[in-house]
Amino acid sequence: MTHDSKRLTECANAIAAAGRRLGAQGMTPATSSNFSMRLDADHIAVTVSGRDKGALTVDDVMVVDMQGNPVATPARPSAETALHVQIYVQFPDANAVLHTHSRTQTVASRLYAKAGVVRFDGYELQKAIAGHTSHEQAIDLPVFPNTQQMPELVEQVDAWLKSDRPLYGYLIEGHGLYTWGRGMAEAERHVEAFEFLLACELDLRKLT
Amino acid sequence: MTHDSKRLTECANAIAAAGRRLGAQGMTPATSSNFSMRLDADHIAVTVSGRDKGALTVDDVMVVDMQGNPVATPARPSAETALHVQIYVQFPDANAVLHTHSRTQTVASRLYAKAGVVRFDGYELQKAIAGHTSHEQAIDLPVFPNTQQMPELVEQVDAWLKSDRPLYGYLIEGHGLYTWGRGMAEAERHVEAFEFLLACELDLRKLT
Amino acid sequence: MTHDSKRLTECANAIAAAGRRLGAQGMTPATSSNFSMRLDADHIAVTVSGRDKGALTVDDVMVVDMQGNPVATPARPSAETALHVQIYVQFPDANAVLHTHSRTQTVASRLYAKAGVVRFDGYELQKAIAGHTSHEQAIDLPVFPNTQQMPELVEQVDAWLKSDRPLYGYLIEGHGLYTWGRGMAEAERHVEAFEFLLACELDLRKLT
Amino acid sequence: MTHDSKRLTECANAIAAAGRRLGAQGMTPATSSNFSMRLDADHIAVTVSGRDKGALTVDDVMVVDMQGNPVATPARPSAETALHVQIYVQFPDANAVLHTHSRTQTVASRLYAKAGVVRFDGYELQKAIAGHTSHEQAIDLPVFPNTQQMPELVEQVDAWLKSDRPLYGYLIEGHGLYTWGRGMAEAERHVEAFEFLLACELDLRKLT
């Protein structure tokens, strides 16, 4: 079974548009960051490696299968495609995955690396994360050590999931944020909320 | 008596325009924030729940009566409509209410929650708050505890008002700012002034 | 002798354009700030009191004489017009005066109020201030106490000038910056340079 | 041999476009900063002294030879042209050189002046610097003392190069950043990466 070309065009456009918005907010420095959407049960649309994520066109989006292998293209997907695939496999509701790389995310990821987690508690904006209806419902954002070996990163995420703790996103140390949503709008809302919450936490650390 | 449709259109446009300006300044992350204007003695125009407040159209504004009940629409108003109604009832001069949710407001609201108030003194910009003509006229901005129960929030504001202290706006802990004005321009000027004053206070705390 | 209307139009346009640029940088919150240009030996073009300085039109600029009295208009000039007049009288080369009110300027003015001066030394950007050719040529920016009585402010500036110390601009505590130039371009360059230098000083205080 | 006029036009346009992007990010305050590209083995296109680098046109770019002397123009090149020439001579692969002057660069250059170097280690974004494939490959960015005597600056850079340590850019104390690339896109990526890494380092110093 091959993917639907109309769905691919829609997803490529949605990915490029999200990239422009996130890039304008300084979340995709240099050629960092990568984005994807689920095309169908067997295919994912993902950004091509090494492109400027704030200035994407539909030609910067390619198709991979659920093992992360390129489909009908000589292009090379992002080195971190394995993390996108993992999310689509683990979360059947997830249809869009965003990996961003803001200064706030990078700084927080280093600062909380030893603790292994950033806990958000008492923020009204926690309600922007799907399934949360109160500022009293604490949210844990794990921080995993960075490595250039993708299987090690995949394993770390798997270990968290197997511990039965909820997961709405994660930081990689010195690197950035992964989060996702049922659609691109929800995934972007999650990026915006985590960025806001992390920035507040850093401010409060400077001030108290 | 029903509201005037021309006045509703004017107010909806003013609310959408204010939302775009505040959104561009990062004051409406995710789907937070809500805005309203007084239509007439019996009606208020208020934002529909859950919309992106930085990208409002006139269709994202609805009418409620002075009990906060929807008028001639199946739409649901913001969960915090009770706070808007309270302001219009308590302040006959208030014709526009803005609730914003900037990072500075959120951080300050947590930092000053225990004190219960932020005092501004010695800032020339205090003159931007209606009725103030000198930097020597101190302004108290109260900070109320957050709760998902609107009646509790309403009661906290009432308690402050009954104590006969002046009120130009207030923070809710971990949540954001409420302020108002005789018209939308004055309400926006109050948001801009409180945001500036709070940011200065946080900077000075970091520096002294 | 009356002023030339073509020169007035040119100055009003230059003032409005500078206001838009400074406003876009957050230097004119609420209705703060005021700007002026010298029209001729006897007249000054200055912003009308209370306008939004980031959205000026030529109608927001009026003429005053060298005593600060309105000429051929019922409009009221900025309350601080006396400070503009003083600069044109004291500095025959000055043809544009800018008073801005950024958060950095306000915070620095409070932080250095007791010292009475901010000294810039070792910054390459000191060369952006007219007459400076080396980072080793230190620049003193005085900080005067704020007061709603203009004659007191005028007197403080006079006292500094009588002490024979050079003056390229000054801060008023809790208030903002005054600086000037031979033309509007130089005045704007001075605002940009002082803003940059003050921001660096605050950063270094946080970091050392 | 004279330079090719088509190549000059291309380079002047590339320099002006880079200036607009860097200026919009606040990296070229007042008339600071200067940019260049290699035209051929014997010529360099470089910005004319004293222009606003965020608003360059092709007329603000001139030609110098490999001794830094103006070619076929009465214009004066940037006072720091000698540093650009040095880079083209020392690095045969370098075809674009950017000198920027952001607040972060200025503050970091003063803070790390005594240490003489900023070391970046553990940041994924180190991979944005040419030749780096892992966050574990540390990068040293030297900080040289500032001086208005260009030969002294040239000598400091030479001393570093003779010590056989790799060099991808450098800071001058109180002044700003120099970096370069095989083309303008790579040079801009290096500015963006160093700016990001320096900002993270400053944040972490405030937070730990």
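Letters A, B, C and D name the chains as they come in the text, with residue numbers starting at 1 for each one.
The criterion applied here is as follows: a residue touches a chain if its C-beta (ideal position, glycine included) is under 8 Å from a C-beta of that chain, and two chains touch if they have at least 3 such contacts.
As the structure is a computational prediction, the values presented were derived from the model and not from experiment.
K.L.:
What chains do chain C and chain D have as common neighbours?
P.N.:
Of all the chains present, none is in contact with both chain C and chain D.
K.L.:
Tell me, which chains sit next to both chain A and chain B?
P.N.:
none
K.L.:
With touch defined as above, tell me whether chain A and chain D contact each other through largely the same residue numbers, more than half shared, or through different ones.
P.N.:
different
K.L.:
Of the other chains, whose C-alpha centre is the longest way from the centre of chain B?
P.N.:
The chain lying farthest from chain B is D.
K.L.:
Please report how many Å separate the Cα centroid of chain B from that of chain D, as a whole number.
P.N.:
So the centroids are 47 Å from each other.
K.L.:
Indicate the whole-number Å distance between the mean C-alpha point of chain B and the mean C-alpha point of chain C.
P.N.:
Here the centre of chain C sits 33 Å away from the centre of chain B.
K.L.:
Mark out which residues of chain D touch at least two other chains, giving numbers and ranges.
P.N.:
206
K.L.:
Determine the shape of the graph in which chains are vertices and touching pairs are edges (line, ring, star, complete, other).
P.N.:
ring
K.L.:
Let me make sure I understand the interfaces: which chain pairs count as touching?
P.N.:
Contact pairs between chains: A-B, A-D, B-C, C-D.
K.L.:
Would you mind writing out the residues of chain C in touch with chain D in their complex?
P.N.:
Within the complex, chain C contacts chain D at residues 122-125, 128, 133-136, 189, 192-193, 196, 199-200, 203-204, 206-208.
K.L.:
Would you pull the chain A residues touching chain D in the complex into a rising list?
P.N.:
Those in contact with chain D are residues 29-32, 101, 103, 106-107, 110-111, 146, 148, 172-176, 202, 205-206.
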